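The letters A, B, C and D name the chains in turn, as written, and every chain counts its residues from 1.
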Amino acid sequence: MPGNVFGSFFRVMTWGESHGKAVGAVIDGCPPGMALLEADIQALLDRRRPGKGPASTQRAETDTVQILSGIFEGLTTGTPISLAIPNKDAKPGSYEAFSRLYRPGHGDYSYEKKYGIRDWRGGGRASARETAARVAAAGVAKKLLERHNISVSSYTVEMGGIVANERDMAQVDQNPFACPDFAAAGQIAQRVEEVKKLGDSIGGIVEIVAKGLPAGLGEPVFDKLDAKIAHALMGIGAVKGVEIGAGFGAARLTGSTNNDPIAPEGFLSNHAGGILAGISSGQDIVARVAVKPIPSISIQQNTVTVDKEPTTLSVTGRHDVCAIPRINVVCEAMIMLVLADALLAQHALGIAPRSAK
Amino acid sequence: MPGNVFGSFFRVMTWGESHGKAVGAVIDGCPPGMALLEADIQALLDRRRPGKGPASTQRAETDTVQILSGIFEGLTTGTPISLAIPNKDAKPGSYEAFSRLYRPGHGDYSYEKKYGIRDWRGGGRASARETAARVAAAGVAKKLLERHNISVSSYTVEMGGIVANERDMAQVDQNPFACPDFAAAGQIAQRVEEVKKLGDSIGGIVEIVAKGLPAGLGEPVFDKLDAKIAHALMGIGAVKGVEIGAGFGAARLTGSTNNDPIAPEGFLSNHAGGILAGISSGQDIVARVAVKPIPSISIQQNTVTVDKEPTTLSVTGRHDVCAIPRINVVCEAMIMLVLADALLAQHALGIAPRSAK
Amino acid sequence: MPGNVFGSFFRVMTWGESHGKAVGAVIDGCPPGMALLEADIQALLDRRRPGKGPASTQRAETDTVQILSGIFEGLTTGTPISLAIPNKDAKPGSYEAFSRLYRPGHGDYSYEKKYGIRDWRGGGRASARETAARVAAAGVAKKLLERHNISVSSYTVEMGGIVANERDMAQVDQNPFACPDFAAAGQIAQRVEEVKKLGDSIGGIVEIVAKGLPAGLGEPVFDKLDAKIAHALMGIGAVKGVEIGAGFGAARLTGSTNNDPIAPEGFLSNHAGGILAGISSGQDIVARVAVKPIPSISIQQNTVTVDKEPTTLSVTGRHDVCAIPRINVVCEAMIMLVLADALLAQHALGIAPRSAK
Amino acid sequence: MPGNVFGSFFRVMTWGESHGKAVGAVIDGCPPGMALLEADIQALLDRRRPGKGPASTQRAETDTVQILSGIFEGLTTGTPISLAIPNKDAKPGSYEAFSRLYRPGHGDYSYEKKYGIRDWRGGGRASARETAARVAAAGVAKKLLERHNISVSSYTVEMGGIVANERDMAQVDQNPFACPDFAAAGQIAQRVEEVKKLGDSIGGIVEIVAKGLPAGLGEPVFDKLDAKIAHALMGIGAVKGVEIGAGFGAARLTGSTNNDPIAPEGFLSNHAGGILAGISSGQDIVARVAVKPIPSISIQQNTVTVDKEPTTLSVTGRHDVCAIPRINVVCEAMIMLVLADALLAQHALGIAPRSAK
């Protein structure tokens, strides 16, 4: 089926291209009776806004969300919530140079092969701008999760090859890279400046943590909670890897060190990342994603035209040096959509408590 | 929705517990007119069989698959293909000791929280035995992919901390760890013996490669081909991480090194792992999974009873030292299910070629 | 998507052909902790058995259901429940005459056009035998509905043109046509004998009633509860029409007579058939289906061979004169599957009661 | 799952309330490369507009559709097509009288029971205004069907108890009731005037015909093409019955008269309504729906307040006397959505033609 829908219970469909009229999302399945204002959504959306740090572009978008349906007297009604974010700063003309060639690292070639046509204006649907609609939808999921005392946060644990060794959460809001390590943040700032001068770009690793989740969420077999999280996070354009708990590190441990012992007061470690056999254990859920470097760089690259003629490309427009930290809130958003869905799923199941009838 | 269905077009539902009567799969959506014998499926299933190497148990199961429907005169009819694999070696009694405690690293605790009841006989539905049904279903997908000249293979690139530096594919069938590095395979054999003596277990990393895929498969946004692959692979019990192409390594590269340049003869590198913006580029698809160490170990572990009393546990029954190499074919199986589904999806789309009508 | 799955929460996939090894169903999403025996399912299945009345064939099938998974110590575990019913009386050879022609009123021609291949043994997947698997699955749904005090029943309101004017429910089990009108049942018996002698067949109308449903079940817009019921009932092979409440009769009423007035003690009539704007009102749900005459008749019919040559056909094997009353339990079964699904859906929604937070 | 999505391949999600900011639809899965203008959609939408005949209200809405995404240089791109129709004539205040009582025949009571909250402004999401979004989405489906030479039309075969005995298609556009019988149309005009004076309302029966469909569309078992059509049509608010081909009349025929004989030149009759065993036969698809009388009438009705106090209600605002003929285009729209989906589904299946490989 077409890929623009996420979730089964808390179901989100997004639409819109980078340089079209707007991007948007429709949420079907949000429980009724929940207070919801545009400001609730806007707060999350503002965290994704460009132009906030040295690694981001200066695209001057306010990204103002409008609620078009599903609210009555300030409360959700259980009917679809339609959200739209007009594209105010669209300049499609500036992309005309790319209409006849394939940008390396972008979806230009694969989209053309899939659809036989592609909207080359800023990547069209393949643009990271599409994630604004996801974040808006997650603004609604966040309200639902808050009712259940579930919170999701994220921070940068590696950027441009510089590893954050500290986990000082007070630091995360104090530097433009959302890095919980003061010293590392300083080194990252230098790295960003170097890379910017070279016209190149960098990637990194983001860690996302969900707190307050009850044990028992998720499904067995194919739709394990970690499988859904992997699906959600790998569906973000720049993400090339996802790991849960000890992740790739677990491959190097023995069973006796990787297993989390259980005591009357709870689990004594969390190599599992809060998920056992695909179902939440009640511990924090911990996931990490590998973010590739931004493919649009001003360094000259070899490519071909749509007629397969060799050519070169240097992307000179506004582009971030790194998808971090703007991508961090997108990662949180996707986790929120997964958890809202899992929460409603579990309630559906819960109607028949054990009995011998 | 309940999690026992995979795929939309080539749709598989699996059922069965480790020590129940059987495990099985029903495939809805297999195209008609395709020759299919039980032997086609059995060949793949035999690769998953235990007792074939030093890292595996001696559970003496033949795992014989039966086709119960969907075939007429040796050809698929387009109707559901029901597959069943009887559980011949079920000894539920041997698990009775675990009925009142939670095994660390297993789903005992989380399943009980989700369902309020759990089948403790060998882990029930959470047992790796469940994957036999996935592999059987993939036996059907494999036939479909072969028609399109798509093949999927796998090999072990790390096990017990020992890294395979060579990629000599001729070696893969020559050692019991499916390792493409002769020297590494020897070291792994030693490591396995050591760990076995200690009553401990190990994990590793498996790489899966799909060849022959046309460009244009996959969906945009949420259901990117890599998102589906991550979903599929992370849904295997022991998997804690998934990466595509350069994966976590991409986080440390610059854009100028990570981008795959394009020449008239094709892409000049494959950091992308065959997927651009979620859609296949026609290059090989390359994925890697982190496999955690087997949680069942004979070394004594701390845990609690269902009444939250502290206790200890030593698992003495038959258990693999490592999920590798038995898990390798399960990884291939999941990739095959993803690709069969993507192939049918693309055909659905392809009915309206570009025109100006 | 392929059409062999029904429901989203209480999800059923069926498989099997008329003269294959077995027919079966897998239920994914049944709540855990529910007592379930094969006998619970068998009771419903026995009501569908042939050979019980003058209008039915003498196919001597016991139709014994086996539970293959999903039960532990007599209780459902929340994992898939796999049900199989072996085909004991399969005689595919007797259908060989039909392998080269298209039977009028059957799916022979349309299946061949769809799939390019068809299993001509008794209609294969298009046989009414397929409904045994639906009834078995409904045996599980029935247990779930009983917990919520919801019951579903049915009776014949017209057969062979003879209309039941009485609604004496005590009569339904007293005649072989499940007719609530003693006098009409007598006339139907005569009509059946006449038609049998002529080698012809008849149809009729079945009414299904669901009692005990709470108000508030169903979804708005596309998946209204009546839309789901229509989907469910029209998906039974012989059904050519579905109506709810006053149904086609409502088209002839004025608003002032069709509207059901509301009083403090409840609705004063039930033209709506228990559903308002697609959502249950708490009144009885009332649906009726038009059942076409059995297409297999011994009277000679004109048709063509697969090579488009004219030929004639006279079906001499065992065939019912009327799908009623065997189809009645299939209608009940489909309604039960719809209601089980709607019940779980509503619980998913219900987690966030109104608040001004 | 929430009920605001229709279709699997050609998937439509609608949103919006009667007196909110707008109603809209997002289409995910429309094939790329198809020319599409707002005018294409507008043409269909204009047929649904109120105020065009004596049986309709004078609500002065232009219902102008906007395409917000999914189009590039006048062609579909394969990405979601977002459509919005602003609500220009919303006067929520005029409904305040209904905020504290339940209107008979409306969803007020059932929505409140389901959601615990309801948008009483003109019925909110339960208003027939919601169907504008369906018709807009069908405007896109229509373009797809036209490429395959499939057309869908409808006409009124009964209204206010007056039956159309003629099928003179040239008449359909010549009278305000879309009736193919000149004499009947005259009688209907008189009936409408009488009913309007009484402050009452009427219903009727609409027949929908699809021409040009290839044989082989539809799915077996649960998702038969007629089951999907029943689902689609019964999901329209005012519809209380659906029949295919001979429909309820088939219940009174014998097999020898109801079966459609087959000759070398094709089927010799069409009691089946173009569908055999749930799959299209290549004949015209013929469906009929029973439309209930409009529940909003100025005749005084008994009901209760939300506090269960008896009260009376007389609806004096603008309301149609009959949902026909405005509902006719909605019926066509739903059939178009079903057929577009079935068409894409069949192409997905068709990739593996019969072979003995």
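As a convention for this text, a residue touches a chain if its C-beta (ideal position, glycine included) is under 8 Å from a C-beta of that chain, and two chains touch if they have at least 3 such contacts.
Since the structure is predicted, the reported quantities are computational estimates derived from the model, not experimental observations.
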Smallest count of steps, each to a touching chain, taking chain A to chain C: 1
Chain whose average C-alpha position is farthest from chain C's own: A
Contact-richer chain pair [B-C vs B-D]: B-C
Centroid spacing, where centroids are CA-atom means, of chain B and chain C in whole angstrom: 38
Distance between chain centroids, defined by C-alpha means - chain A, chain B (Å): 26
Chain B and chain D: spacing of chain centres that average the CA atoms, whole Å: 45
Residues of chain D engaged with two or more neighbouring chains: 1-5, 8-9, 14, 29, 32-33, 75, 78-79, 114-117, 125, 220, 345, 349, 353-354
Sites on chain A touched by chain B in the complex: 1-6, 8-9, 14, 102, 104-111, 113-117, 123, 125-126, 130, 158, 161, 195, 198, 200-205, 214-224, 226-235, 237, 240-256, 258-264, 268, 271-273, 275-282, 290-297, 299, 301-304, 308-310, 345-346, 349, 353-354
Complex contacts: residues of chain B adjacent to chain D: 1, 8-9, 29, 31-35, 75, 78-79, 144, 147, 220, 343-345, 347-357
Residue ranges of chain B touching chain C (in the complex, touch as defined): 1-5, 8-9, 11, 13-17, 20-24, 26, 28-29, 32-33, 66, 68-70, 72, 75, 77-82, 84, 114-119, 121, 124-125
